[in-house]
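Paired with chain B in one complex and with chain C in the other, chain A is shared by the two complexes that follow.
Presenting the complex of A and B:
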């Protein structure tokens, strides 16, 4: 497999495509950080609030790392950071607005944060070498995010009403998460897979399912929806029928919408940008 | 329902160091206790950190206070 040591080693079209995938990851990290920060002062315990604060900082740090790589992919960092409107963001609809309840936040923590980690996981194993080192610390930090999600899922499943609330919250974002990896002929992912930069969508999706499937199965969620099944060896695999209505492969999300007004102002730093002379 | 327990947190900066007691966290299960400990006591670059439920310790000389019973149980 050919190894790529810098963006300039990549064929131009694939450099653009990889830059697009990285931008989607960076936007999602930044928005997910905001979603964690929404709960720092409203979490069920002081420790849970500290965990939200730590995860929020982690996500913003990860976003910063990826945004900083994008200038080598012909992107203008200032334009990316300050000048985009909502429809220019490539974040999933699941982080467009605040998680309304604690179980909704745990669903994001379990399903969406893990989806992003799995995408970094496969990029770190792919043929684009600059991502290998940069992903290592990120993935170490993400282990604690996943443990947090599993710990809170266990907690909610033992509490009165918690299991139904978590199942409902996971169900609400399940399809958005599972389809994020793309269709089998995804126009962004397939050419990157041809170069060994990432695996095929079904492979990455299967890795995500292997991580979240056991918890989703306990919730009765995936099995009932018919979108997930386990094979003879007990591995979680994707059933072929997924729902693609409204999906935009280029935006890596539902076609319409974007971060809500408050999220957009926070993600761009609108309120205080006037204080930064050159921004 | 899982009840909240106090976990004692111990850590050391280097392999040859002794563990030092760095604090406590309150958590409903061991998974969350691990996460809370790591994220709460991250002011140092720890080589190793462990947690244990306070009620798993056995009293040696003082049987009611100050360590082996949760403060909330003292009434």
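Presenting the complex of A and C:
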């Protein structure tokens, strides 16, 4: 497999595509950080609030690393950071607005945060070498996010009403998460897979299912949805029928919408950016 | 504007950092002086230099141009002290004769873990009741 040491080693179209995928990851990291921060105050316990604070910081740190890579992909960091409107963001609809309840946040923690980690995982194993170096620290920090998600899922499943609430919360974002890896002929991912930068969508999706499937299965979610199943060896695998209505492969999300007004202002730092001398 | 006296008065003096260890003393040239100077740059949160904390990965200095190049890592990707540490490095290194400019590259591989702290750094932390 050819190894790529810098963006300039990539064919131009693929450089653009990889930059686009990285921008989607960076936007999702930044928005997910905001979603965790929404619950620093108001989490079920002080410890849970502190965990949200730590995870929020981590996500912003990860976003910062990925945004900083994008200048090598012909993006203007200032334009990306401060000057985009909502419809220019490539974040999933699941982080457009605040998670309304604690189980909704844990669903994001379990399903969406893991989806992003799995995408970084496979990029770190792919043929674009700068991502190997940048991803290791990020993935080290993400282990604790998954621990947090599984721990809280168990806790909610044993509490009164928690299991149904978590199942409902996971169900609400399940389709957005499972389809994020793309269709089999995804126009962004397939050419990158041809170069060994990432695996095929079904492979990445299967890796995500292997992580979240056991918890989703306990909730009765995966099996009931008919979208995933456990094979004879107990591996979680994708079934062919996913729901693609409204999906935009270029925006890596539902076609319409974007971060809500408050989230957008926070992402861009609108309110206080004027106070920063070098902004 | 130098607000160091205000910080010292308000927060108290930080415990003094130990001098550079023997292996740093033996590093030659301007890069060696730069390394030693980094033992005087304190981590904002811990009573250790950034060198003993294991944040400094590489230091080279072009003796003709005076450009010092550092590879630096941080304990976490969202370390809130990144800017402060970089400012302190620049401030200290520019005091060295022959160093005119600083370039800092942030690196993440290998990821920082507690094993990056020097042996004497662990002893210092132990003295403050922190196990690393």
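By our rule, the second predicted complex is superposed on the first by the 277 of 279 C-alpha atoms of A that agree within 3 Å, B and C clash if a C-alpha of one lies under 4 Å from a C-alpha of the other, contacts with A are read in each partner's own complex, and residues count from 1 in each chain.
Just so we're on the same page, a contact is a pair of C-beta atoms (placed from the backbone, for glycine too) under 8 Å apart; a residue touches a chain by one contact, two chains touch by 3 or more.
None of these values were measured; they are calculated from a predicted model.
Looking at the shared chain after the overlay, A:190 reaches neither chain B nor chain C. Judged by the touch definition given at the top, the superposed model places A:101 against neither chain B nor chain C.
When the two structures are aligned on the shared chain, A:152 is found in touch with chain B, with no touch to chain C.
Legend: residue contacts after superposition of the two complexes on their common chain; A:136 is shown touching chain C, with no touch to chain B.
Contact with chain B, but none with chain C, is seen for A:47 once the two complexes are overlaid on the shared chain. Look at A:16: by the touch rule set out above, it reaches neither chain B nor chain C. Contact with chain C, but none with chain B, is seen for A:62 once the two complexes are overlaid on the shared chain. Those residues of chain A that touch chain C in the complex are listed here as 57-62, 64-65, 132-134, 136-138, 140-141. Taken in their complex, chain B has these residues touching chain A: 1-2, 4, 25-29, 31-32, 34-36, 38-40, 42. Of all residues in chain A, only 45, 47-48, 50-51, 54-55, 144, 147-148, 150-152, 154-155, 158-160 touch chain B in the complex they form.
For chain C in complex with chain A, the residues that touch the partner chain are 73, 76-80, 107-112.
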